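In the two complexes that follow, chain A is the common piece, with chain B as its partner first and chain C second.
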Partner chain A sequence: MSAGKDVVCRMENFRVYYMTFDGPVKAVDGVSMEVYKEETVGLVGESGCGKSTLGSALLKILPRTARMEGRVYLEGEDLIPKSEKEMQKLRGAKISMIFQDPMTSLNPIMKVKDHFIETIKTHKPEVSEDQALEMASKALAEVGISESRLNDYPFQFSGGMRQRMMIALSIVLRPTLVIADEPTTSLDVIVQAQILQLMKEIQSHIRSSMILITHDLGVVAEMAHRIGVMYAGHLVELAPRDTIYYKPLHPYTQALLESVPNTDINDMELSYIDGYPPSLLNIGEGCRFVDRCPKTMKVCRDRTPPDVEIKEDHMVKCWLYADNVGEVERS
Partner chain B sequence: MAFVGAVILIVFLLAALFADQIAPYDPTVRSGRTFQPPSSKHIFGTDNLGRDMFSRVLHGAKIALLIAFMAVLIAAAIGIPLGLLSGYIGGPLDRILTLIMDAVYSFPGLILAIAVAAVLGTGVTNIAVSIAVVYAPTYFRVIRNQVASIKSELYVEAARAIGARNWTILFRYVLPNVLPSVVVVLSMNLADAIMTEAGLSFLGLGIAPPTPDWGYDLSNGQRFILMNDWWMIMFPGLAIIVLVLGFSLFSEGLNEYLNPNVGERE
Partner chain C sequence: MTLLKVENLVKHFPVRINFVKALFTRERKKVHAVNGVSFEIEEGQTLGLVGESGSGKTTTGRLILKLEEPTAGRIFFAGKEITSLGAEEMRRLRREMQIIFQDPLASLNPYMRIGEAVRHPLVIHSIGENKRRQREMVIEMLERVNLRPAEEFYNRFPRQISGGQRQRVVIARALITRPKFVVADEAVAMLDVSVRSQLLKLMMDLKHEFNLTYLFITHDLATTKYICDRIAVMYLGRIVEEGSFKDIYTDPKHPYTRALISAVPEPDPKAGEKKKKLIPAGEVPNPIDPPSGCPFHPRCPYAKEVCKTAPPKLKELESGRRVACYLYS
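On to the complex of A and B.
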């Protein structure tokens, strides 16, 4: 698929289940997608849809109760069978993460420079402390922080500055894939815009790919080349940004876009999606949007919809677009 | 509060360190008539063997502090690493260690110390070890619970995301963040350790006479209480009370300083 584009990360039928006493919670279920070189894929969905689990699962930093199945290739290497030791070598170097809350994602008692030295030395023990500091100042300069602040502690920075620091920290080793998990959620709108702009610049500068996880459709509109919509553990639609915004096919994507609040004061009516997402505990076959979907068919309840390839680069997980629905009777 | 405690502790530390210089008499040999009440010659009086009580109390501080510090350090050396591992690794190891530590913890402290001391015999190190056994679970529990909560902090997850190894996370991210509470437990335990040590010596399981020891002097003195020789138990007892109070005040103040929210409850 998509000849000519280098695939950096490919997920095939990727599943993440949290094992509980009551049975598996299927937080991510059957996700297949690719991330191309130098591209940003936005993952959107409401709280609890599995988008953050998916992000952490790519680094394999989930709690012990999580079980991963399927295939995840990073530059051709399957991550699923990799041991913790092998993953430690990849984390931070090949694949890194920017977290949601910059106020708590830095060790409060470590100086800024120690965060950098730690990261660099972990992966490149041969680098001297001076070289590491040089790399750190360069990375800080890239995010607009003066190197004079290397000796400061995280609490001496504002939220926006800390997030810049996190970004600098996550790109200092030039990873091929950066996972940004709600990187701007806890920041105010002005700082948000600056951080997004910065992330865009940095990404094109270091030529990495990015998976941007957010519930903010405005953020992905700004940043993403392609957008994946997740609902209750399923990746329900994946398409280029404009397609998602102007020609969404999945009923959930359509409903989601209609429920975005806007600043137009003439349009005071806010539409929303009736009902709640299903519990993911022991969830079985069938489309997970079935109870809230305006176009539910009989087949939707019985069988999980396939990933339907509408055209190149546009996938919808919905029976409405499956060719073989005729046989399974619409009703 | 911490200041008052600190002053008391410093006074006792100095007394212990310079006991040989300050004490007017050798605490283990006869220095005057027996059963003398406090006077200018013997400001704390003398005991049944004619030994100077003031010198004995001074030298007793040395033993009390030495054993208390040794006991607490041994307890910390056992409790902290086990607590770190247990809290960080979790799972079956955590279950087993917690079970063992809770079992130890459920014994009344002095009874357990008596049992261990009875097995090990007297002597400074043995007493310290038997007290340490009692207090190791305190460290274990505090550390384990703190580690379990710090483990889920975002910066620990972030450390994993940059590829930090488990040892690095444990010693660079987790341990430094639990140390403040260790310091508080440490100073609180010192007070308890002094009481336990005095208790053991009182029961004859502590330091062998004639080494000056508050607990021993207390039990020695109480035999003559009916003769109205109050000074023989008054001064060792007072020394224990004041020193324990000093440690308590100090640890309380330290706790308020390190965890500023504690003081603002009302």
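On to the complex of A and C.
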């Protein structure tokens, strides 16, 4: 696949199950994808589709009830067998995260500068405090916060500023992969536009790759090079941005795009997808969109669709596009 | 006919300071949540109240239902002034004025079965001869909002159903008294796109069926298109612009409205690339200490000297089109 592009992160049949007394909740089920160098992959889907679980699983910061299987390579290293200690070395340095709610992910009784010093010293113990402070003020300057605020506490910042600080903190060690989990969801539109602009600038400046997790199809349209659509734990479609928006193949992607309110005043049709996503507890074989899909076939209920490679860089997980389905099963 | 009219509505919340400070200072700070808001809603129409957090849109909705006492201003409902009505009279009036809140889980009692929650307003307002009749009415309403089989949903608890279904319950509860006027405060904001559109469709259908008048409060301009006849944009407690959806969207006048519209990410990459972004620097100022003059002037690219002096009046540009900006006076 995609020769000539450097792969930063590769997932192979990646599964994350939450173990409960009633059985496993299959939050992420069989996701295979790659993230290339310096690109942004948008992961979109509705609540409960597994996109946030996937993001947190890459850093292995899930609750203890979560079990991970499959392969996840970050620059060639498999993360799944890594111990907590080994992961701590990677987090912040090679792979970092921007969370949705910066207030709950920053420590309210730690000064801004101490957040930075902690992050830097953990990974680079040889760096002196003064050097760390210098790095911190540089990172803050990159996100438009003056270094005079280093002695402030996070609660003295506004929501937008906290998110800026969060971004500065996540990039201070120049990680190769940044995972942004709904980074602008709790912000107002104008602040959101400011932050998205900033994230774009920073990313091209530090040349990192990014997985942008969001439910907002407008945000990914602006930010992502490629887009993966998730539904009920499955990655149902993965393609370059324009292909997803203008030539989507999976019935869910098509329906999702139709139901997004646009701002075109000539288009007053409001379509929606009937029904609700299935429960992922003990969910078995079969396509998970089957009950809401207008094109359901017999095979969709019985067997999980394969990841069908339509052409280079366009994957769709749907029986409609699989060649090896017999006529009997289609009916 | 005008169903609802508010005139110069003002709400200031006192800022709590600690006891020691209170002894030594005379200064009493206030949050200027709503600062002189006036509008009218015709019967059967929907007014969208759009703004960012802290713009005062939710407080405005709460003031209208008198869930908050206004600091100043007047509210008229169906031609009658309700500003000074007492609690008992207001309670009776709430049969005709209802509200749908953003978070359905927070607005439903977790220990109350869904059917009972929807029946509760009937009990409060003594509608329906007996419990059996009330139960029938509830079942009918649950069916109407597509919670089927209604008999089964009647006995479920809020935590046993999905977010979209919970919001249907809240809508059913608001409409069971057959109100004339409903405030929908971010009623679909917490839902996912596919479910959000289902709910919007339901609210539109119910509006026609029950001849409702909505005040649709939202931060999301895109959803107003389907349901609102008119839109009022709020910023720091004031309405800065008002007009039809089409006017606001295709020809925004106020610099803030322009910024707001340009900031909405387009779910269409090509349209998004064409769109010009006019993003003002900085953030919304603190409503404890709002800027003098026009509240938007510190961030406005067109700010002149006059903008710092006094807040501009909301002036009628043409019929049904009002703007509060010195650029247009």
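We take it that the second predicted complex is superposed on the first by the 323 of 331 C-alpha atoms of A that agree within 3 Å, B and C clash if a C-alpha of one lies under 4 Å from a C-alpha of the other, contacts with A are read in each partner's own complex, and residues count from 1 in each chain.
Here is the rule we go by: a contact is a pair of C-beta atoms (placed from the backbone, for glycine too) under 8 Å apart; a residue touches a chain by one contact, two chains touch by 3 or more.
These numbers come from a predicted model, not from an experiment.
Contacts of A:89 after superposition on the shared chain: chain B is touched, whereas chain C is not. Touch criterion met: A:169 reaches chain B, while chain C stays clear of it. Considering which of chain B and chain C touches more of chain A, the answer is C. In the superposition on chain A, contact of A:123 is made with chain B only, not with chain C.
Of the two partner chains placed around the shared chain by superposition, chain B is the only one that A:64 touches, whereas chain C remains out of contact.
Contact with neither chain B nor chain C is seen for A:155 once the two complexes are overlaid on the shared chain.
Interface of chain B with chain A (complex): residues 90-91, 153-155, 157-165, 168, 172-173, 176-177.
Every residue of chain A that touches chain B in the complex is listed here, in rising order: 56, 59, 61, 64, 87-93, 96-97, 99-101, 104-110, 118-119, 122-123, 166, 169-170.
On the chain C side of its complex with chain A, the touching residues are 52-53, 162-165, 192-198, 200-201, 204, 219-223, 225-226, 245-246, 249-250, 259-272, 277, 279-281, 283-284.
Contact residues on chain A toward chain C in their complex (touch as defined above): 46-47, 158-161, 188-194, 196-197, 215-219, 221-222, 241-242, 245, 255-257, 259-265, 268, 270-274, 276.
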